[in-house]
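In the two assemblies presented below, chain A is common to both, partnered first by chain B and then by chain C.
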Partner chain A sequence: MARSMCWHCQSEVAGEYFCERCVKVQPVSKDADYFTCLGFPRRLTIDLGMLEAKFYELSRAFHPDFYQNKSETEQAISLSNAATLNTAYRTLRDPIQRAEYLLDLEAGAVKEIRSSPPADLFEEILELQDTLEEYRASDQSSDAGKQLRAQLQTEQTALERRKREMEEQLQHLFRQWDELQDKGEATSAARADRERLLKQMREILSNRTYVKNIVSDLVATIG
Partner chain B sequence: MTRIVGIDLGTTNSLVAYMKDGTPTVIAGRSGRTMVPSVVALTDNGLIVGDSAKEHLTRNSGRTVYSVKRFMGKGLADVQSELSYFPYSLTEQGGVIRIQLGEKSYSPPQISAMILKELKQRAESHLGESITKAVITVPAYFNDSQRQATKDAGMIAGLEVLRIINEPTAASLAYGLQEKTQGTIAVYDFGGGTFDISILKLKNGIFEVLATNGDTHLGGDDVDRRVADLFLTDIRKAFGIDLSAYPDHMQIVRLEAERAKIRLSDELKTKIAIDLPDGKGRFTRELTRDQLETVTADIIERTLAPCRFALQDAGLSPADIDEVVLVGGSTRMPLVRQRVESLFGKKPHCHLNPDEVVALGAAVQADILTGGTTDMLLLDVTPLSLGIETMGGVMSSLIRRNTTIPASAKELFTTYVDGQTGVDIHILQGERELVKDNRSLARFRLKVAPLPAGVPRIEVTFLIDANGILNVKASDMRTGQTQSIEVKPSYGLSDTEVERMIEDSFKFAQQDVDARKLIEARLEAGALMTTTEKSLADGDKLIGQEEAAAIRDRLSLLKAAADGNDAKAIRARMADLEQAAKPLSVAMLDDSLKRSLKGKKVSEVSKRD
Partner chain C sequence: MAYSDKVVDHFNNPRNMGSFKKEEDGVGTGMVGAPECGDVMKLQIKVQNDTIVDAKFKTFGCGSAIASSSLATEWLKGKTLEEAQKIKNTDIVQELNLPPVKIHCSVLAEDAIKAALADYQKKSETK
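This part shows the complex of A and B:
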C-alpha cells in the first residue's frame, strides 16, 4: 500500500483502504503482497481463524454488492480489490500455497516443475511407472490385473504416507523460518540459516508436488 | 435508489419477489397464484405467457414453448438427443438455438424475455411503479454462456440485470434471513430442469460458498419423461397406437405423468386416465409410488455424485454438514428426501416453500444491492474452471473451479514469428484436459504491433465478476496502452444481435401498445356513437336542424375513422363529435331539468310530447 495520494481528493493516504478525508475506497497497491494486503506479517504460520475474520472484514469493505450506488471508478476499484483479496486469501489459507508464495517473494519462482523424481525416490518411482504401464495394458479384470491393482494400491498408500511426512517436515521448517524472522538478526549466521531454510523448503515443496502428481495419476488410473 | 425486484426464472415456473418492510415477499397474480408457468404460446391473437399459455400445450403443442431454460446458451448439437421430446421445431443460427413459432424464429433469450416481461408487469401492477432493475437467479452450475444468455434475456425484457445470482445460494440467503441459520449447510436444489448442490459456511452474516457442483440438464422434466415413456409403451401395447404421431397427445401424456408424480408424493398409488385420439378409447392404469421410484431411481442417483464431488472440493465429509436444505419442486419426491438423508446422515430441512425460496432469496440479494440489508454478504464461487487453449489442444487452467468471485487471473502473451500482428485466444470452461472435452466460451484476437518475435508483451486479465460472468481486458506491457477486445461468444448472441432483439422487443411492445390503443379507441367510439344516436333520436327536436345535421355528419366521420387503424384519428373524430353534440346534450339536460322541476316523470313528459 505504497499509494500516497487519494485518487479522488488528492489528500495523503497512508496505506489505508479508505481515504480519511473523503472516505472513498482506495485501490490495493499493485506492489502490495498478499500478506500486506490482508494485514499479516510475512510468516509461514498463520492463525486461520484470524485470517478468516480479516478476510470477512475486508470482503465487507470491498465487495461489489456495496458499491451499486457508487461512481464507476469506485465500482471498478471495488471489483479489482475484491478479486485481489480473494486471491490473497486463497493463497494464504493453504499452508503449501502460502509457503510457495512466500518463497517466491523471498527468492524468486519455486514452482519449477520437476521432471525427474527426487533422488531418494528414484528407483521406487521408476518401478511404479512400469507397474502402471503394465496395469494399463493388462486385462484389468483378470487375476494378473487384479494383482497389479493391489500392488498399485499399496504403492499409493506408501506415497501418501511419504507426502504426509514431507508436510510434517515442512511444518517444522516453517516454524524455524518464522522464529528466524521474528528475531530479525542481520548476522551472517542468520543469513546462512535463512538461505539453508529456503533451499530445504524449496526442495521439499517440489518433491511433494512431484509425489502429489504421481498419486493423482495413480488415483485416476486405478480409481 | 429505485426498487430492484428478485426473479426466479425457472425451467417450469417463474416467480417475482420484493422486499416488503424487511421481509421478502412473492408477488401473486390476479388468480392468487405466485408461480407463472414458464410457457409461451403463439395464438391467433399473438403471443401469450404463463397460465393461459400452458393451456395451449395440449391443443397447440407445435406453437407452445416450455422448458426453454434447457436451451439457454446452447447450440443445437447440445440438445440433439432430446429433440424428439419437444413438439416445437428448433434450428440453429450462429451457435444459438432458434425456436420456430409461426412465421418467426426466436432465440431462447427472447422467449425467456417474454416470461420476464410478464413478471415485470406483474410487479409493476402490484407495486404501482415502473420496474427497470432486477436480480435474476440461475442454476449454480450454469456456465458463462448460460449466464450471459440470462442477462441478455433481461436486457431484451427491458430490465437492467444488476446481478445474476445462483439459485442454491439465493435459497441460503432466504433461510439465513428467516431462520438465522449458522454453520455449514448443504443446499440440495433439484428443480424442473437442473440440479445443483452448494456447500456454504454461514457465519455472522457472511454466506461463504465453499464448493458447488451440479448438472444443468437433470431435473423433474427427466422424471416426467420416464413416467410418460411408461404410459406410451402401455398404450402402444394395449391399443396399438403410437402417440408420437400425435404431438398434442404427447403433451397430454407428459402433463398427466407430471401430475401423477406430484400426487405420488402424498399418496402410495394413483389412477391415470388418458383419452386417446380419434375416438380410440381411454387408457387407464394405476401407478404406485414403488413403480415410480423403480423407473426413476437412477435419475435421483445421478444427483448424488455431484454432492460427493462438492463435499470433496470443500474438504468436508457428510458429518461436517450441520444442515441440509431442500430447494426445488423435485425435492418433494419422498425418494429424493430418503436418498439425501442417507447421503448426509441427517434429516433434510424444508421449512420454506421449496418453490418460492429461490425468488425470496433473490429479493434479499436485491435488497442488499439497494443498501437495505447491510449485515448480509454472499461470497459465491465460479462453478467451473476457466482456461485457455494452448499448444496441442490442451486446456491451461487460469481460474480453478470453486474459486471465490470476483476472481481474476493475468496471463502474458507474446509472438512466435517476426512481424506477427495478432494472437488468437480461445477461452474454455471445464474440468477436462483436452480442449475438445471442455466447453468453448469465446474467441478473440489480440492485436499486436509488428515487432520481432518475442518482443511484444501483452498482458491479458481474465476477470470473473460477481455474476460469474467473464470480462477480458488486455494491455500492452511496453506501451501501457489498454486495448478493447471484441469477444466472439461460441454459444451466445453477439452484442449487435442483443441490441436488435431489444429494439425488436420495444418495437413489438410499441406495436402491442398501439394495438391495444386502437382496440380501446374503437370500443369507446362505438359506445359514444350508440349513446349519441340514441340522444339524437330522443332529442333532435330540442335543437335546430343545422345542429342535428352537424351531429349526423360527425357521426359518419367517426364511423369511417373507427373502420380505419388509426387510434389518434378515432380520438380526434370522437372529440369532434362530442363538440358537435354539446348543444344537444345541453338542450336535453335543460329539458329534463325543466320537467323534473315540474314534478313530472320524464316518461310521462315523453308520452305527452
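This part shows the complex of A and C:
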C-alpha cells in the first residue's frame, strides 16, 4: 500500500490499515484497486483460501462492533472500509469477474481493447432465438413441438461444451498473463505480449457472455 | 430503478419487430452486441431510392435495449440514408429517459443503425 499520512496524528502510516503510532483505523485509499485493497498482487490466478482468510481478517478488523465506543470519524471509516472490502472480495472471488475487473483496470494502458462483434456467433444466436420462439409458440406436446425440443436440447449441450472450452482457454490465458507479470519486463516485446493477451481475454470473455445468455434462455425454456 | 413509461410502452408493444430476408434487394442488416451484458441486436432497413421505406428489429436483451431498437426502427422509416446517418444515441436517451446505467443500450441501437447502413452500402456497391 502506498505511503500515506494518518488522518489523526499526522504521522506516516507504514502499516496496512492502522496507524502504528496512534492505532487509529485508516481509510482505504481512493486510488487503491481491489487487489491492493486485499493485499494481493494484480494477478489472475489467486489462491481462494488465502483470499478468504485475508477477507475474514480484515472484516474482523473493520467490524462495526469494535467501533461502537470510538469517534464518529472512526465509525465512518470502518463502515466504508467494510463496504469496499465486501465489493472487492466479491469481485476477486469469481475468476470471470476478476478478469473483467482487471481488464477494466488495464484498459487505460491498452487502447482499443474492445473486440469486434463475432458475426457468425451472432447469426447462430439469433437463429437459435428464433427456434426458441417457435418452440414457445408451438403446441409442446405435439410431434413438431417435441422435435423442436430435442433440437434445442442438442444445441444446449453443444453450447455448454463451448462455454466450458472458452473457460479453459481463459484459464490458459490467465496463467500466461501472470507469468508475464511475474517477469515484469518493460521491453516492447513484453508490452506487445500483454496487449495481445488482454485483447484475447476481452474477446473470449465477451463471447462467453453471449453464450452464457443464450444458454440460460435455453435452460429457462426447456428446463 | 424503474423504467420510464416510454420504455415500458415500447417493451410491451414493440414496433416493427421481425426480420427481412438478408439477401433481399435493398435490405441492409446490422448485427451488434454489448459484451458487458450479452445483449444481441439485429436491425434491418429496406431502402428504395435512397429512402428507408421499412425497418425491422430483433433484440434479445433488457427492456431498454428492446425499447431503444424499437424506437430506432420507428425513427428510421421515411428517412433518407443521409438523415438516418445522423441519428445519435443521445436522441434515444432523451426520448426514452434512459438512466446512466442504460446508456449503453442506446449506443447499441446507434451502432446497429450504422451497421445496417454500412451493410446496405456495401451490398449496393458490389452489385
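We take it that the second predicted complex is superposed on the first by the 203 of 223 C-alpha atoms of A that agree within 3 Å, B and C clash if a C-alpha of one lies under 4 Å from a C-alpha of the other, contacts with A are read in each partner's own complex, and residues count from 1 in each chain.
Heads up, the rule we're going with is that a residue touches a chain if its C-beta (ideal position, glycine included) is under 8 Å from a C-beta of that chain, and two chains touch if they have at least 3 such contacts.
Worth saying up front: this structure is predicted, and the values here are computed from it rather than measured.
Q: Tell me which partner A:Y56 touches in the superposition: chain B (first), chain C (second), both or neither.
A: First partner only, chain B.
Q: Kindly classify A:I125 by the partners it touches after superposition: chain B alone (first), chain C alone (second), both, or neither?
A: second
Q: Could you look at A:D217 and tell me whether it touches chain B, chain C, both or neither (first, second, both, neither)?
A: second
Q: Touch check for A:S29: first (chain B), second (chain C), both, or neither?
A: Neither partner.
Q: Would you check which partner chain A:S206 touches, where first means chain B only, second means chain C only, and both and neither mean what they say?
A: After superposing on A, A:S206 lies in contact with chain C but is clear of chain B.
Q: Help me check something: in the complex, which residues belonging to chain A touch chain C?
A: That would be residues 114-115, 117, 119, 122-123, 125-126, 129, 202, 205-206, 209-210, 212-214, 217 of chain A.
Q: Which chain C residues qualify as touching chain A in the complex?
A: Interface residues on the chain C side: 31-33, 35-40, 42, 58, 60.
Q: Show which residues of chain B lie in contact with chain A when the two form their complex.
A: Those in contact with chain A are residues 1, 162-163, 203-204, 206, 208, 365, 368-371, 374, 377-379, 403-408, 463, 465-466.
Q: Could you please specify the touching residues of chain A with respect to chain B in the complex?
A: 56, 59-60, 63-66, 68-69, 79-80, 82-84, 86-87, 89-90
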